[in-house]
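Worksheet for the structure shown next.
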Amino acid sequence: MQGLSTPMRAALLPLLHSRSAVGNAFPCLSNRGWVRDIGLYSKSIRMQANPAQKFCTTASAIGSETSGNQDRKIFANFAFYKGKSAMNITPMKPIFKLAETGSAFIYKEGALFLEIAPAVGQRKYDWNKKQVFALSVLELGTLLGLSPEEGCEFYHDPNMGKSDAGMVRKVFKVEPMADKSGYFFNLAVSNKLDKSDGRLSIPISKAEFAVIRSAINYIIPYLMGWHVIVDPLKLADCMPSKDLKSDGPSLVKDARMEWAK
Amino acid sequence: MQGLSTPMRAALLPLLHSRSAVGNAFPCLSNRGWVRDIGLYSKSIRMQANPAQKFCTTASAIGSETSGNQDRKIFANFAFYKGKSAMNITPMKPIFKLAETGSAFIYKEGALFLEIAPAVGQRKYDWNKKQVFALSVLELGTLLGLSPEEGCEFYHDPNMGKSDAGMVRKVFKVEPMADKSGYFFNLAVSNKLDKSDGRLSIPISKAEFAVIRSAINYIIPYLMGWHVIVDPLKLADCMPSKDLKSDGPSLVKDARMEWAK
Amino acid sequence: MQGLSTPMRAALLPLLHSRSAVGNAFPCLSNRGWVRDIGLYSKSIRMQANPAQKFCTTASAIGSETSGNQDRKIFANFAFYKGKSAMNITPMKPIFKLAETGSAFIYKEGALFLEIAPAVGQRKYDWNKKQVFALSVLELGTLLGLSPEEGCEFYHDPNMGKSDAGMVRKVFKVEPMADKSGYFFNLAVSNKLDKSDGRLSIPISKAEFAVIRSAINYIIPYLMGWHVIVDPLKLADCMPSKDLKSDGPSLVKDARMEWAK
Amino acid sequence: MQGLSTPMRAALLPLLHSRSAVGNAFPCLSNRGWVRDIGLYSKSIRMQANPAQKFCTTASAIGSETSGNQDRKIFANFAFYKGKSAMNITPMKPIFKLAETGSAFIYKEGALFLEIAPAVGQRKYDWNKKQVFALSVLELGTLLGLSPEEGCEFYHDPNMGKSDAGMVRKVFKVEPMADKSGYFFNLAVSNKLDKSDGRLSIPISKAEFAVIRSAINYIIPYLMGWHVIVDPLKLADCMPSKDLKSDGPSLVKDARMEWAK
């Protein structure tokens, strides 16, 4: 249990994009996972007033600091929990830059992050062992276009074009179920750098795929940056943050680089 | 008639989320139901200037208090009226919380509330006897994925994981019509706590299902909280309100807990 | 020509919702119609600087008065021009009202206005003879659900429930083309009040229907008022304006009352 | 190489709408193209701090000047790179004008610009030789309605209705692949004014078409100006800018005039 997630730790340590998430054992936050945990742990949360107050902020409180929201990290993971594994999907925003003329142009399209973690007990998942795959807009289009009997396969090399190209190899494969009632999502990562290998799989039902399809349809124009065309005020949210300016390696950078090939 | 809804009472006592709605006999507000009632009661409304003025506010008035809108309760029910029953659908927003780091993360996904009430006369429905079912994002995905000859069935226990688990049992069942011209929506609730049982059904035509499908497709990303990813300024609207911090039971809490299993 | 529309008059006299549009001979503004007219009349527009300046306002000018936009009438008609007739579609916003508690609730759902006018020359349409039909959300759902070989038919009585019920009778009928390449939209209005009768028809190709379908899918949640749920700041735009508080009859009121039956 | 694009020049000289783009050899900015180029040129970008800083602006910087975003030109091209050519799609906003009454009406619907450029080396495209085609809302509807075995064809004359009508003739043709795995997009332009002829073609896979379809569905209501109906605050972004008031010819004007026939 030591290395696994508890809701209290999850609540106090949002982490998806933080570097510490890579090496440590913090879970990926998840809405329904969290709700479920509240069911299990509701007593401790409701009785221990302090921890709850620490991360609770009412609408009026945040309302007074609304202008600061564009610098705030926001996590809206959506998770699918199954017997042997769980999958999270979460969008990563596109990045615009300004030219000297003052015009803004899209610099990197966004991506949909897909994370699969193995189960290590009933309704317990070890997000420390998760594998991550960043789906590009075109790959999402492939998922949208799948018929019930079709599958697809994508290969990513996060280090493509760099000196350590080929050291990490990721394969994401979607296979239709024999009875057309859904798909298997398979993610295999072979990492020669840290000598780790991972192979995770999760069944996705027709209903779950309908949610994924609806979410993809909604998010594609956002990942393309077209929401900024429609509403220029959203440009500020899509400018590079200070994190991305750091020159060290980070999970986010690497993941998005996967499909920058 | 005493226990039933009249448009005037509906107008003056919005209630969906108020606790009094549970025990009292106030109807669920509904746009078209209301319009229709205006037809029937137009004389009283137009002649009795006072009641109308009480709940009328012009755009300019509300415009000056726009910044307060995030604390305002907003009801946009959409209703389907049939001979023996009526059905209301209304979205319930997702809830985000802040961590100490200042990051926001989704705490509870939203839901689509579905309410069915029996008819008690021509175009009169007893919302006091309504049954409520909170559809999760994944259940909405199931509805999206239905073909004309398919059905589905969901079971909810609002008290799951609590001491009174199993006391209330809800079953929502969608059955395709024999001629594929639509579906029957059936909602059965057996409540051992207040010894009440309810079984309501409503026919939904293909056209009505197209509206429901369009509404579901629109609302899924919102229920997932992804609209906050796309527009961080909307975070303030999705922070917990003071109501949800009250520790007493409420209709809303229970209903959303249904699928937090 | 006297009674017909010219682009200059259209530009200077926006009118769709004004009462004078009923009895007078002003056209319905239309984007592409207007663009086309610019082609034909480009010389006069470009040379006569004054009229152009009268209705031109640059982005910076309107930017400084942005806060006033919620009181501004906005027209975004979309037109289909054919040999014998033209059709316009334009959304009409839903109306919310405030209860004494401060809560806002939807009071009237919005509608999609459909206007058909007869041709009176090459690319000239007499909008004075147009017929109007206000499609409700459920009727739009019917259009969404149509297969290529299906049709549908709606009946409206703008005076339903009033003393002059039955005096005006509107029938909107969608008929699939024999070769499934599109639909015929037929609108018949018999008005015993002003002893006028009208019967207009327009062919809608598969491509045009795809645009209509896309527009309907986009606008349904708006007509339901759900965009206010998603963004409470939009409430101000959906509050009753002063026009609607006038007690006299108006085209808009009547048209929306059509389906308030 | 002299006349071709390099990412550094692209970054410093955003140009899509500038007149100089017509005669000079600047590329069309592209998100993924840019990302890819970062891979190839990463060393120079990361080492030469100055150029990078010139066009980098952090979120906090742009946040403080948010109100100026409506005058800022925003480019969010989305590109498809293939062996022999590349294709860019980018939306062009609709234009509203104000009447003397203060009402706003749509003056020109928007368009989806489609640009195809020939390859001149591995992953190098000569955007100087690109051909441009502005797809109208109805033409986009035609694309939406295509089945896997259908095609379509559009003819544009940018000078229609003017003295040099017929001098430039553009034909955009979509042909289904024999195996239904996608489409060929063909663009042929014959220009008697500058005696240039161009014929470019690009294969579009089923997945790519799914992205295009998703993007079209998202952008159609925007091109129709209906986003301003839903959110009147967006009116300011759709008012004519000073550029459009210039009386000289420009690429943008011409391109949009193509379908103003």
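Think of it as A, B, C and D in the order they're written, each chain with its own count starting at 1.
By our rule, a contact is a pair of C-beta atoms (placed from the backbone, for glycine too) under 8 Å apart; a residue touches a chain by one contact, two chains touch by 3 or more.
If you're wondering where the values come from, they're calculated on a predicted model, not measured in any experiment.
In the contact between subunit C and subunit D, the residue numbers used by both copies make up under half of all numbers at that interface. Among the other chains, D has the CA centre that is most remote from the centre of subunit B. We define each chain's centre as the mean of its Cα atoms; on that basis subunit C and subunit D are separated by 30 Å.
Computed from the mean C-alpha positions, the centre of subunit A lies at a distance of 43 Å from the centre of subunit C. With touch defined as above, residues shared between interfaces to two or more other chains in subunit C number as follows: 70, 217, 231, 237. Remark: the chains found to touch one another pair up as A-B, A-D, B-C, C-D. Those residues of subunit D lying in contact with subunit A across their complex are 11-14, 29, 31-32, 34-36, 38-40, 42, 46, 54-63, 66, 69-70, 72-78, 91, 93, 206-211, 214-215, 217-219, 222, 227, 231, 234, 237.
Of all residues in subunit B, those touching subunit A in their complex are 67, 70-71, 94, 96-109, 136-142, 144-145, 152, 160-162, 216-217, 220-221, 224-226, 228-233, 235-237, 239-242, 245, 247, 257, 260-261.
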